[in-house]
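Heads up, the next two complexes both have subunit A, just with different partners, subunit B and then subunit C.
Let's look at the complex of A and B:
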């Protein structure tokens, strides 16, 4: 349903063009959940924004993004509007930053439906209350009259999920939707998101820095480093079959809930953005398995992994 | 042996709101204690009372067996400030952006110790060494550093005072996974090399397991469970601890499963 091929994004930072996505390709099937994970500056959020055509002004985007065959990057303004109304919806990390604090929750939830689908207020409110019930908010009628500051972060994020589903989207772009929440609230919100997504048959691009969370809620995972996907794999295979040294490093450097080690195995150095990365393999400066070839040429993405030495290492 | 830091029946109210209801714990000399909880649990208010940023409404804090009362003289206040240091969560807002890293560390030495400029310069490079900062970073300002590097500076600045107790308030929470592992190792190394004790305030159970031996779990201002960290995580007794434990994603985890009881407001 969503097909991204050789996506490359450059932003203008202080007049200088900076590559933030180097070369990214992946697909998401109808109803599938794809997790995009990476550290700061890896380009994961920019990828989601490129899919919604929400990149900052002056961004240069090359490659292909096709949604159900439609070339997203070439959509005309009115087509783009329909695409955002009918096809995709987005949920962000901080619900408080993406809701108007002086309007009611009801206005927020129904505005799009009234504007885009010509729904009457009453009709839109009924739909909103039904969706609020689905996200576990029973007293929806009362909530519609409330203002955002009267709701906790967890409740507000559930309102965001309801809002995203108001337009019956086919693809949900969820950018760290639970990062700002407490762990118990995260578990609740993820549970709701997961269930609704399955019931409504909505596909999802799930952006997170939490490999374990992505593994638990997604069908497949793409690991991003310095603006490129370095590995894609099935979530079931995450712990046993991770092949790229970066994916393996991420898995082992997280402290464990069930055991203590004297020292954690670390990936040395710091994560790089695409524009900071050297020639050759972007991960080479931090990789324990680096050889001369890695510094000379960037590996191709072959059979789900981008690494020169994958044959010898796995 | 006398605990280095002890909290006895701490309570803090703000107006009619109870932030911390009743918190007691003891931190062994050279030990490491985790204070676990979510937003609103009172863990940060507890930390702020320990360093003297808030005055307890009730209860008392013993530092090396002596009650820490409101320090009346500058000298007393300084002594207390030296003994218990704190590292905050946000490495971007806890450093002065106009001050070079070397001058930031030097300032702490100047306040607390009668050292000559040469002695201070030598100690600054020693501290930089301990946390893995190089000369170029020392000469630079915070703006030139990454989040992980800033957090190393914050740790070095806290260590400059040669504290007995280091309070880490979500000090690794904002760091990238690969950087977090580096800082956790650094904290383990420092404890091995010095006789320092840690109080780690965190919502991240895996981080708590990695660097503490003892832990208290706080919920709505009160301690609901305490004991050896490994035991609390392996055999949680309190219903809230169990829910917290079950909310952590991992292999075989099903989101929302821990939802069984409680739930958001």
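Let's look at the complex of A and C:
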């Protein structure tokens, strides 16, 4: 349903063009959950934004994004609006900042349905209350009259999830939907999102830096490093069959409940953004298996992994 | 009682308390100011001590400060602003016709400021590029030019030069008055319009960059509705603040313009009365200006609360 091919995004930072996504390709099938994981600055949020065409002003996008055959990057303003109305809905990281503070929760939930589908207020409110019940907010009728500042972050993110589902989208773009929440509500909200997505049969692009969470929630996972996907694999294969040294490094640098270690193994060095990456493989400076070839040429993305030494290592 | 009801009562209480404090400061300041009204009254002629004594007694000039303040205050609460020492008439009579001119001038200028300032600000904020640059350049110039200079230029060009507008005087009847007050109102409005335009632009630009605006866009809301419902509506809080303060400030600013256009308004009367040490008049006018300012500010606070329910009675954001 969603096909991304050789996506490349350049942003203008103080007039300088900077590559933030460098050659990224992946697909998401109807009803499938795809997790995009990576460190800060790896370009995962920008990928989600590119899919919704919500990149900052002055961004240059090349490559292909096709949604059910529609060329997303070439949509005219009116087609783009329809695409946002009918096909994709974004769930943002920080619900408090992403919901208009001066309007009521009811306004927020029903605005799109009333504006885009010409729904009557009553009708839209009924639908909103039903969706609020689905996200675990029982007193929806009362909540509709409240303002965002009267709700907790966890509740607001549930409102955000409900609002994303108001338009019956085919693809949810969830950009770190639990990062801004309290640890205790994170798993609750994640559970709700996961359940509703499955119940409504909506596909999802799930952005996170939590490898374990992505493995639990998604069907497939893409691992991003410095603006490109270095490996895609199915969640089931995450622990046994990770092939790229970066994915393996991420897996071993997690604390474990069962094993006792004096120090947590870490990947040496610091994560890079695409524009800081050296020639050759972007991960080469931090890779334990680096050889001369890695510094000279960037490996191609072949058979789900981007590594020169994949044959020897896995 | 509802949150809003409590809020209004608190605001009303604050308003009365502020006015009371202001009245004390105004009375105290005029009492401390140098200058002797008796000297002005007698015109420097030598007058026998008995007459002076009777004059001082008549105007209660030798009573203790607090008792004079109390008399003045209770008088005002009964609608008696006292008597002018120079004109020997009730201050309220003297102010009546002059107040009308000033109020009309200020309201006229306020309408111009709000209409032109907010419109220019919105246009500049939404149209990046040439339109924005031209408006910014214009407002920079507008803010830099003092109102007396604008007044002179307007008189030279539109009154004496082109002859479209009268040179001075307040006019008779409503339309004639508006015609007479057009140039003064423009002179009074120019720099404030520029200020309101710039701040409106800044407020809208800031709101345009907010994440919740992006959410609305991502839900496929048409741009013009995003601007109206999410940008303009939210930017109203800072715009209301600036507009309220600016309009309140006009009451004081009108004094210069009234002079330039020989309008017999409150401002001109205040300057005149200060030079003649006519305390009752000065006190009444200053208190009137302060009261207008405070009342307008309270109105702005109430408007805030209606625009953004997060604003709480204690003034916490």
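The definition used in the following text is that the second predicted complex is superposed on the first by the 314 of 314 C-alpha atoms of A that agree within 3 Å, B and C clash if a C-alpha of one lies under 4 Å from a C-alpha of the other, contacts with A are read in each partner's own complex, and residues count from 1 in each chain.
The criterion applied here is as follows: a contact is a pair of C-beta atoms (placed from the backbone, for glycine too) under 8 Å apart; a residue touches a chain by one contact, two chains touch by 3 or more.
Predicted model only: the values in this text are computed from it and were never measured.
S.K.: Touching A:191, do we find subunit B (first), subunit C (second), both, or neither?
M.R.: first
S.K.: Would you check which partner chain A:145 touches, where first means subunit B only, second means subunit C only, and both and neither mean what they say?
M.R.: The answer is neither, since A:145 touches no partner chain.
S.K.: Applying the touch criterion given at the start, work out whether A:103 contacts subunit B, subunit C, both or neither, answering first, second, both or neither.
M.R.: After superposing on A, A:103 lies in contact with subunit C but is clear of subunit B.
S.K.: Given the touch rule stated above, what does A:12 touch, subunit B (first), subunit C (second), both, or neither?
M.R.: Neither subunit B nor subunit C is touched by A:12.
S.K.: Identify the partner contact of A:121: answer first if only subunit B is touched, second if only subunit C is, both if each is, neither if none is.
M.R.: Neither partner.
S.K.: Counting touched residues of subunit A, say whether subunit B or subunit C comes out ahead.
M.R.: B
S.K.: For the complex, give me every residue of subunit A touching subunit B.
M.R.: 39-40, 136, 152, 154-155, 182-188, 190-195, 209-213, 215-217, 238-239, 249-250, 253-268, 270-271, 286
S.K.: Taking the complex as given, what residues does subunit B use to touch subunit A?
M.R.: 38-39, 146-149, 176-182, 184-185, 188, 203, 205-207, 209-210, 230, 233-234, 243-251, 253-259, 262-265
S.K.: In their complex, what parts of subunit A are in touch with subunit C?
M.R.: 52, 54, 81-85, 89-90, 92, 94, 97-103, 111-112, 115-116, 147, 149, 163, 167
S.K.: Which of the residues in subunit C end up touching subunit A in this complex?
M.R.: 210-212, 214-222, 225, 229-230, 233-234, 237, 307-310
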